[in-house]
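So that you can tell them apart, the chains are marked A, B and C in the order they are listed, and the count of residues begins at 1 in each.
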Amino acid sequence: MKKRTWLAMILAAMLILAVGCGQGNDQAANESGFKVGMVTDTGGLNDESFNQTTWDGLERAKDELGADIKALESKQDSDYVPNLTKFAREGRNLTWAVGFKHEKAVPEVAQQFPDVQFGIVDSNLGGNIPANVTAVTFKEEEGSFLVGAAAGLTTKTNKVGFIGGINSELIEKFEAGFIAGVKAVNPKAEVISAYAGSFSDVTKGRTLSAGMYNQGADIIYHAAGGVGKGLFDEVKTREAGKFWAIGVDMDQSRLAPEHTLTSMVKKVDVAVFDITKSLKDKDLKSGEHHVFGLQDDAVGLAENTKNINPDVLTKVNEYKEKIISGDIVVPTKVADVK
Amino acid sequence: MNVVEMIGITKRFPGIVANDNINLAIKKGEIHALLGENGAGKSTLMNVLFGLYQPEEGEIRINEKKVMITGPTMANELGIGMVHQHFMLVQPFTVTENIILGDERSKGGILDIKQAEKEIQKLSDQYGLKVDPSAKISDISVGMQQRVEILKTLYRGAETLIFDEPTAVLTPQEIDELISIMKNLVKEGKTIIFITHKLKEIMRTCDRVTVIRRGKVIDTVDVAGNDENTLASLMVGRKVSFSIDKEDAETGETILDIQNLVMEKGNGVKVINGLNMEVKAGEIVGLAGVDGNGQSELIEAITGLQSIKSGHIKLNKQDIANQRPRKITESGVGHIPEDRQKRGLVLDFTVSENMVLQTYYQPPFTKGMSIQFNEIDQFAKRLIEEYDVRTPSIDTPIRALSGGNQQKAIIAREVDREPTLLIAAQPTRGLDVGAIEFIHRKLVEQRDNGKAVLLVSLELDEILKLSDRIAVIYEGVIVGWVDPQNATEEELGLLMAGSALEKEAN
Amino acid sequence: MQSLLARLNKYSGATTAIISILLGMVVGAIMMLAAGYNPVAAYNALFVSALFQPYDLGETIRTITPLILTGLAVAIAFRTGLFNIGVEGQFIVGQLVAFIVATQLGLPPVIQVIVAVIMGGLAGALWGLVPGFLKASRGVHEVIVSIMMNFIALYLSNYLIRTWLAKGADSTPKIADSPPLKVDVLSQIFGGSRIHLGIFIALLGVFVMYYLLYRTKLGYELRAVGYNPRASEYAGMSVKRNIILSMMISGSFAGLAGASEVLGTSGYLSIEAAFTGIGFDGIAVALLGGNTPLGVIFAASLFGVLNYGGGNMQFEADVPFEVIRVVVAAIILFVAANISTKIVGRFRKQKGVKKHG
C-alpha cells in the first residue's frame, strides 16, 4: 500500500511538472459578431511554429477586423474532432485547424456542419476539399531554396547539413528546396541529411547536429520543430562566425543571436489573416486550395539579416526574383533535385 | 530501595489496551524477570520506561523521584539502558566506533578514539565481557555483538539495564556466558530487568519475577520457592503440561532416505557436504544445530525449493531430488516452513484461500477452470474448527491473525493432507506456551499415526522433548546421532559447536 | 456519532475518494483565483458539460474507453507484482495490427472487425510476452524491457505507416467512411459524438478481469504470485509461468485498447512524433483504482471526465490549457496521495486519546 501511494504521488508530481509555463490567450470582448476560432495540433499554442504564427494572424484579425478570436489546444490526436465541433456548434464564422494532423478531422466535422467555414493549414486534404473548407499550404521549398543558396554561398567547408523532424512529404519539401538551393550556387558543396524521427526530442537534435559539425559541416538547417532547439544549443558551444545554424518557421535568431545565419520564415499569419479577411469581406471562394509562396511574400528569409554577408544577400535576392518569375522551379522531392 | 517504580501505567493503542494500570517495582541490585506470552504487553511497558512511548496514565519514579521520560536520551541520562533483541550496530564499524556512536565525546571538536577505547577496555574488564574494542562488528560472533550492546549501555552510564529477550539468538553455551555476565553486572551494583518467556532461564537467573497477562500484572513473586509449572500457569492463566506423554516409537519402514547429499551456493561454497540421514515411519527425528549450518538448505532440498548438486533424496524409495515442489508435495510431503510469513502463507489472502495453497487446483476446489469457493470455504471451516484456529471469520486476511493462529492454520493445512513425511521447521518459534503445547501434541499425534516426522529446531528443549532420535548438523553434515533419553543439553551443545570429531576419535 | 464514524469507515474507499476530489478542486480553485479565472464557471464547464450534454457525454465515454482497457492492463500486471510500463507500446502494436487486418486482408465486413479486434489483442499479448519471458527466464527487470519495447513499437509503427500503409504520406487512408466499430444509432443517441462499441469491449474486459482474478485457478495463482512469490513457489506454483501469463494478459488488454481506438475512434493511423500517453495514463488509472476491476472503471471515468472536460474548461470558461492541467493534476494528486484518509484517521485518533491526563 505504501509503495503504491508513493508511486502514485510520484506520477502526480510528474504530471504537475509536465505542465509547461504558458500564457493565457487574450480575451476579446468584441461585439462585431465576426468570430474566428482556432484549434492547435498537439504542439500547443506556444510551439514557436505554425500554431503560434496562426495565432499571430488571428490577433491581427482581432486588431484590424474586430474579430472575436479564441483558441483551443489539443492534448491528443483524438481531441481534434471534438474541439472543431465545439467551435462549429457555437457558430464561429471560421475555424482554423492548424497542421496536417487535422486532415482527417476537418472533412469529418465540415460535413456535419455545412454552414460553417473551416480553414486548414499545411494540408490540401489530398485534393478533396469540401465546399466549406479552405486549405492553405506553403511553398516551403521556395523559402528553403533561398536559405540553401545563402548556406551554399557562406560555407567554407563545402559541407552543410539538414535535420528533419519526422520523414514525411511536408518535411521533404524543406529538404529538397534546401539541397536545390545549395547546389544551385555551389555545385561542389555536399549536403548531409538526417531525420530525428521526432518533433520534440531536443537531445536528439543536439546529438545529430554535433555529429554533423564534427563531420565537417559548418552550416545546419533544421525543419524539425522542437528538435531544432538542440541544434541551437549545440552551435552556441562552437566558434561564432565559423559555425552557423538556420532556423525555421519564424525568426529563431534569439535562440543563438551570434550563430544564426538566418531563418526560413513561413508567414502563416499572413496567409491566415488574408483568408480571414477575405471571408469577412465576403469575397472568399471556399472549397479551394490556396498555395502561398515567395510571390505572396509568405515564405522567405527572416527580416533580420545582420549575420549574412551583403554580397550573399544580393545573390540570394537575385534567385528570389528568378523563382517568382518562374525561371526556376524548385523541386519538392529530393529525388527531383538535379 | 526501589531504583525503578512504575505506578498505574496505562498505555492504549487503537483497539487495545496494551498496558492496563500496571504497577512494577524493581529493587536495586536484583535481576527482575518480566514474564508473559507474546503480546502480553512486556515490550510496551519497557518501551514506556525507555521513553519510546508515552503512557496515557500513570507515573514513573527513578530512585524514588518522579520523572517524565520523553525519549531514549533522557532514559540514558536517568541511568536506564536497553539491550535490544535486534542489535543496532553498524557492521563495518569497530566496537568502539559503535559504542560511542551518538555519544561522541570530543576534545575541541576532535574525536578521541584512543581515550574511548581505553574506557571501553576498562568497562569490559570490570564486568568480564572480554570484548576487543578495536574489532570490527562484522568479524565477531552474535554473542559478542550482544556484549557490545551491553557495553554501549554501560558506556552511557546505565545503572539499570533492560534485556529484551536476549537469549533468543544464542547457543546454549552463549546463554551460559550471558547469564554469568548478568550475575557479574549485579555483583558490581547494577540492576537488571530481564524480559523473557522462557521459564528455565528465569529459574536459573532471576531473583523475582513479575508476570504480565493481557496487559495486566498478575503477580510479582520470588523465584525461590516457585517452580516452572507455577510460573507457566500464572503466565497462561491455566494449568500447562510440560512433559509430553508419548509411548516409545514404533518405527516402520524408512520413509526418507538421504544419501551423500551435496548442495552448493551460487559461489560454489558447499553448504551441504555429503549428508546422510534417514527418517522412518512412526518416529520423530530431531535435527539440532546452530542456525546456519545447512538446516534450511536441507529442508529446501527435500521439498524441491532448492536444487542439489549431487546425492540422493529418496521418499518411499523413489528419488525425489530436483523434482518440482508440486510433484514432491503430491508424493506425500508436508512442510511447515521455518518462515511462516514469507514461505508458508500468502498474508493478503483470506484464511480460506490459505487453506488450499497446495491443493487449490484439485477437485473439488477447482472444476474445469473455475475455483469453487463454496467447497473451499467448507473445507476451511472444518479445518479451523478441528485445529482451533482462532479467526473472526474464514474471510479474514490471514495477516490479521496472531502468530500462533497463523501457525495453527499452516499445521492444519499440512497435517490434513495426511503426508507420509512431515517436515516441521521451527514450528514453535515466537509462539507462546499455549500454542507450543498444541503444536507439540499435533506432531506427536502424527508420529503415532505412523507418519515420519522431521523436526528442525533451534530450541534444544523442544528437540529433546519431542524427538525419538536426534541428528546434530554442523557445517552441512550430520556429526552425530544422539539418544534423547540419555543426552544432556551440554553434550548436544558441544556437538552443535563442531566438537564431534574429537569426540568420535575418543 | 459512533455509528456515523463506523459507516464512514465502512465506505471509506468511496468516501475518501470523493473527499480527495473535493480537496483537489479546492486547491485548483485557489490556483484559478490566483491566476484570475472564475473557478465556478470553470468547474461547471469541467463537470456539467462533460456529463450532461449528450454530445459531450458521448465524447467523455469515448475518452474513458481506452483508459479502462489500459488501466486494466496495468492493474492485472500489478496484481502479479509486475510493473507493465509497456502498455503504451502494446497499445500501439494493437492499433497497428488491427488496422492492418482491417485494411489488408479483404475479409467480409463484420468478420473483419471481429478478427481485427482479436488480432489487436493478440499483438498486444505478444508485445507483453517479450518482457514477461525475459523477466522469467533471465531475471531482466520488466520495466527496462517494456520501455524499450515501447520505442520499438512506436518506430516500427511509424516505419510501416510511412513505407507501406500510407505510401509516403503522413497518415494512412481511413479504413472506411466511418470507423468500423462506430454504430450510427449509438452515435445519434449521444448527439452525433464518436462514442463506439469499444466501450462494450472495455466493460467486457472489466468483467473478464474480475472473473479471471477471483473465479479461476489461474487468477488464484496470479494473485498468490503477486502477493508472495516465495509462498507461491512453496505451494508448487510456477512463478515464471505466471509472470509470463500475466504480462501476456496485460498486453492483450492494452492491445484491445489500441484496436478499439483505431477501429472505433480515428479509423486511420498517422506517423506519431511521440507516445499517445494513453498507456501511461493507464498506470495512473490502475493505481488510483487500487488495481481492482471496479476501481479501474471509476478511475478511468475520473480521468476521462478531467481530460475531456478540461477541453470544455478551455472553451467555456477561457481557462488556459496550462492552468487546466495544473488543476487536473491537483485533483489527481489529492486522490493519489489519499490525504483525506490521514485526515479521517487523525480525527479518530484524537477521539481515542482525548481522555489523556
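The rule is simple: contacts are C-beta pairs under 8 Å (C-beta built on N, C-alpha and C of every residue); 3 or more make two chains touch, one makes a residue touch a chain.
Since this is a predicted model, take the numbers as computed values, not measurements.
Shared contact partners of chain A and chain C do not exist in this assembly. When chain pairs are compared by their number of contacting C-beta pairs, A-C comes first. For the pair chain A and chain C, the distance between C-alpha centroids works out to 33 Å.
Inter-chain spacing, taken between the CA centroids of chain A and chain B, is 73 Å. With each centre defined as the average position of its C-alpha atoms, the distance from chain B to chain C rounds to 47 Å. For chain A in complex with chain C, the touching residues are 4-5, 7-9, 11-13, 15-16, 18-25, 27, 42, 44-45, 70, 72-73, 75-79, 81-83, 85-86, 89, 100-101, 103-104, 112, 126, 165-170, 197-200, 225.
For chain C in complex with chain A, the touching residues are 35, 55-56, 59, 62-63, 155, 158, 162, 168-171, 174, 192-194, 261, 265-268, 270-274, 276-278, 283-284, 287-288, 290-291, 307-308, 310-312, 314-315, 318, 320-323, 325-326, 328-330, 332-333, 336-338. Across the interface of their complex, chain C is touched by residues 12, 14, 56, 303, 305, 324-327, 329-330, 335, 337, 342-349, 353, 357-358, 360-361, 366, 369-371 of chain B. Listed in rising order, the residues of chain C touching chain B in the complex are 215-220, 223-224, 227-228, 230-238, 348-349, 352-353, 355-356.
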